[in-house]
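Heads up, there are several structures right after this.
Next come two complexes built around chain A: one with chain B, the other with chain C.
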Partner chain A sequence: MKPSKEELERRNIVGVGAERVTNVTSTDYPGHFPGEDHAWDLGYFRDNVTIEFHKNEPLEAEFSLIGVDASIANAFRRMMIADVPTFAIETVHMEKNTSVIQDEVLSHRLGLIPFKGGKTGFRKFMKFYKKPEDGEEHSYVDFNTIQLSLNVECTHNKKAAKNETDVTKLYNHAHVYASDIEFNPVGRQEQYFSGDNAIVPVHPDILIAKMRPGQQINCSLLMHKGVGSDHAKFSPVATASYRLMPTIKIKSPILGEDAKKFQKCFPKGVIELQTVTRKESKEEGPFKGKEGEWKAVVVDPMRDTVSRECLRHDEFKDKVELGRKRDHFIYSVESTGQWRSDEIFLEAVALFKEKAKKFEHQVINMAR
Partner chain B sequence: MSSEQYQVPTGSGSQAPGGSRNFDAEPPTAMHYLCGDCATRVRLEKGQPIRCGSCGARVLYKERTKRMVQFEAR
Partner chain C sequence: MPPRAKAKKEEVEESDVSMSDAPVSGQKAVSTDDDESMKDDAAVEDQGGDEFDEDEEEEEEEDDIQRVRILPGSTPTAASFEFLDEGHTLGNALRWIIMKNPDVEFCAYAIPHPAEAKMNIRIQTFEGTAVEALEKGLRDLQDLADVVTEKFKTAKEEFADRMTS
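Showing the complex of A and B:
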């Protein structure tokens, strides 16, 4: 027996009350409803999953993933944060640092700078660096280590005006920026990381240290490919999160001044005020004889923050039903710049596939 | 893996610590310090008064080690 459309919709909505959420667990698995088969099916999955982009900029993407279970959606989110690799400085060889910033702090700051470089080289050529075991030698080679150097010295600027007070004009290199870091390619790195593909900091204006004349920083930096689960500096996202699509159901019409008040309970653009048309006012129903009056209409529930403000007012409490769609995930991915924000998601999907294949292998071995 | 693995030079890390030091040479008779007042580099011979040559300050600081120090960027 197939459940009705209304029943399916009811199952798919998490209720949001003033002080509680209802219907929180998903029920679409085998054995939950008698006579209904909810076994996972590739064809059904393929036909029902949709991805819809709302915003796709290099550093920020917002998109909906509709028709998957929370466990899958959450796996993608976690993999975007912790499993998609990027470059970051890992080791600092400090030759000289007479600036006021301590070696450890400077090293830490250098580690957090995001770097970008040729993507073919990053994907195909560069491998992960394996930390040596106790007693083992370091194995720095061109496909696992990138060499950078930072050599800056602060001096007096002879050409500065006599009464100059701006330190950046008074001295040379008073501020050390990420753009002062040089890339020194070795071996086959020339092929993959030259010209537009050179390895450079994503944001050249990151302030690393401040200096005064006579102070100097000389260090060589070793960079590796790494993942966010090892250290947050390797994470390709500033944030990757999702929320469920809000739903607002107006059960009985909200009219006149109430409609205006109702609109103010939501963020801009969620509720629109429309006038009751002549046709509606002539028909039998709640709009009868109300031609020209304002009525509240839900136009863009995605913008809602689900503050539940409307449920605090007695006049709306019983007229509106708030909820969230269980299988509609609105992702927000903010890239740190090494990848385009949409690439991060694709990369996470590819990793998911790879992991699933490895797991399949394990299961087959186990069953043997 | 390919046969032409390239060893990335790691600066002074690959040398023995202080490798260039020659113990047969004359021990250095002069040391350099930094003036606490004017930050100039002050050269001091053995037995010389501890005093900055250019400003006369009596507080001198030892220079930072010339050895490479390795840190984890974490």
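Showing the complex of A and C:
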């Protein structure tokens, strides 16, 4: 027994009312509807899941993942934020810091700087650093630690004009930027991080500190691989989020001045004003005799922010139904620059599979 | 975690196990002490492995730490599992895929306390054992991840073609 098309659509839409949401729980489980299957079926899943890109730039990707449950979509989102590893400065050996910024504040700022470099090196060669147990020595080796250094001294610029007031011209190194950080490859790191693959800050113009002549910062920095669940500086994304695809259903036509007002209830591009055609005006129905009048037509619901403004007006309240598609996730992934934004999603899915695989072995191990 | 809390938990478990009417678990309870000694072993071996090409070897070493166990009081068809160092990421996804299994009567997950990195899953089945349902769930998740990866790659290429043409 197959449910009707209308029934399927009803199940698939989360209702959005003026002050409440309805139909929020998914019901696609075996046994929920008598006579319907809903069991996990890989073939069915493969035929029904769709991915559509809207934007794919190195630092920002937007795509739709259609046909999965919220628990799966959310797992991917969470993996992107907290489980995809990146590199960040973890330890700072402060040798000299006579600037006005305190050691701990400076160290914290250094930790937050995103770096990029050879991807094979980052992914395959470099391993997680294991913190030593009590009493053990640190074991910094080429495959778990990347060494950087920051050595800057502020001096007077002899060439500056006499009446110069701009401190960046008056002094050398008045501003310390991320680009002042040097990478010192060790051992096999030469192979993986040289030339274009060298480790450099994603944004060279991040301001780290300000100094005046006579002040100096000397420190060596140790960078490790880490995950976002440990510290947000290791997260590969600035944001990774999704929203559900909005739906706008006009139940009875909105015409004339009302249509213009209706259009203004939504962000630009969501509602279009079209004229009632001669053909429509001749047929029996709501458009009869209205040739040439404006009518409101939904053209791009994806741009809607679901502000529910239209539900505040009495004239539209009963003519429109707002909702969201339960299984249509519009992801937005903003990378911090170490990985390309689309790579992050793929990496998240791969790590998710890895996690499931690991636990499959563990469960077999446990049952034995 | 404060040691007091740990000791208390073990007491509770022991009293649970010794209850005469409690159904027998198919699994020896793994004490937390064992877990820690295993971690130590892995750390020592890890430092020995200088070759980075042997990715797989390292993964196997990590596998040595058993992170799932059956909780006391479980029967073959109605069992609770405890996952260490897991949260909503795996919990909710696994719960969903196990609920998709028609042999499963009930499945739910919980994180008993936010300060403890533990996630519990309860499975009750009509047919087959709870362990089988859990295994099937984990396998299905891997298949699902494969399909998503595949679809994502083709969508990405299609989009790149559309942008250049």
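As a convention for this text, the second predicted complex is superposed on the first by the 365 of 368 C-alpha atoms of A that agree within 3 Å, B and C clash if a C-alpha of one lies under 4 Å from a C-alpha of the other, contacts with A are read in each partner's own complex, and residues count from 1 in each chain.
By our rule, a residue touches a chain if its C-beta (ideal position, glycine included) is under 8 Å from a C-beta of that chain, and two chains touch if they have at least 3 such contacts.
This is a predicted model, so every value here is computed, not measured.
By the touch criterion defined above, A:Ala75 reaches chain C but does not reach chain B. In the overlay built on the shared chain, the residue A:Asn365 is in contact with chain C alone; chain B does not reach it. In the superposition on chain A, A:Phe125 makes contact with chain C only, while chain B stays out of contact range.
Once chain A of one complex is fitted onto chain A of the other, the partner contacts of A:Gly214 are limited to chain B, with no touch recorded for chain C. Look at A:His231: by the touch rule set out above, it reaches chain B but stays clear of chain C. For chain A, the partner touching the most residues, choosing from chain B and chain C, is C. With both structures placed on the common chain, the touch criterion links A:Met94 to chain B but leaves chain C unconnected.
Once the two complexes are overlaid on the shared chain, A:His38 sits against chain C while remaining clear of chain B. Residues common to the contacts of chain A with chain B and with chain C across the two structures: 141.
On the chain C side of its complex with chain A, the touching residues are 26-27, 40, 43, 46-47, 50, 52, 55, 58-59, 62-63, 66-70, 81, 83, 88-90, 92-97, 99-102, 131, 134-135, 138-149, 151-156, 158-160, 163. The touching residues of chain A, when paired with chain C in their complex, are 28-31, 37-40, 42, 45-46, 49-53, 56, 63, 65, 68-69, 71-72, 74-76, 78-79, 82-83, 124-125, 127, 130, 133, 139, 141, 143, 342, 345-346, 349-350, 352-353, 355-367.
Interface of chain A with chain B (complex): residues 88-98, 103-104, 107-108, 110-112, 138, 140-142, 145, 147, 186-188, 214, 220-222, 231, 233.
Against chain A, in their complex, chain B makes its touches with residues 4-13, 39, 64, 66, 68-74.
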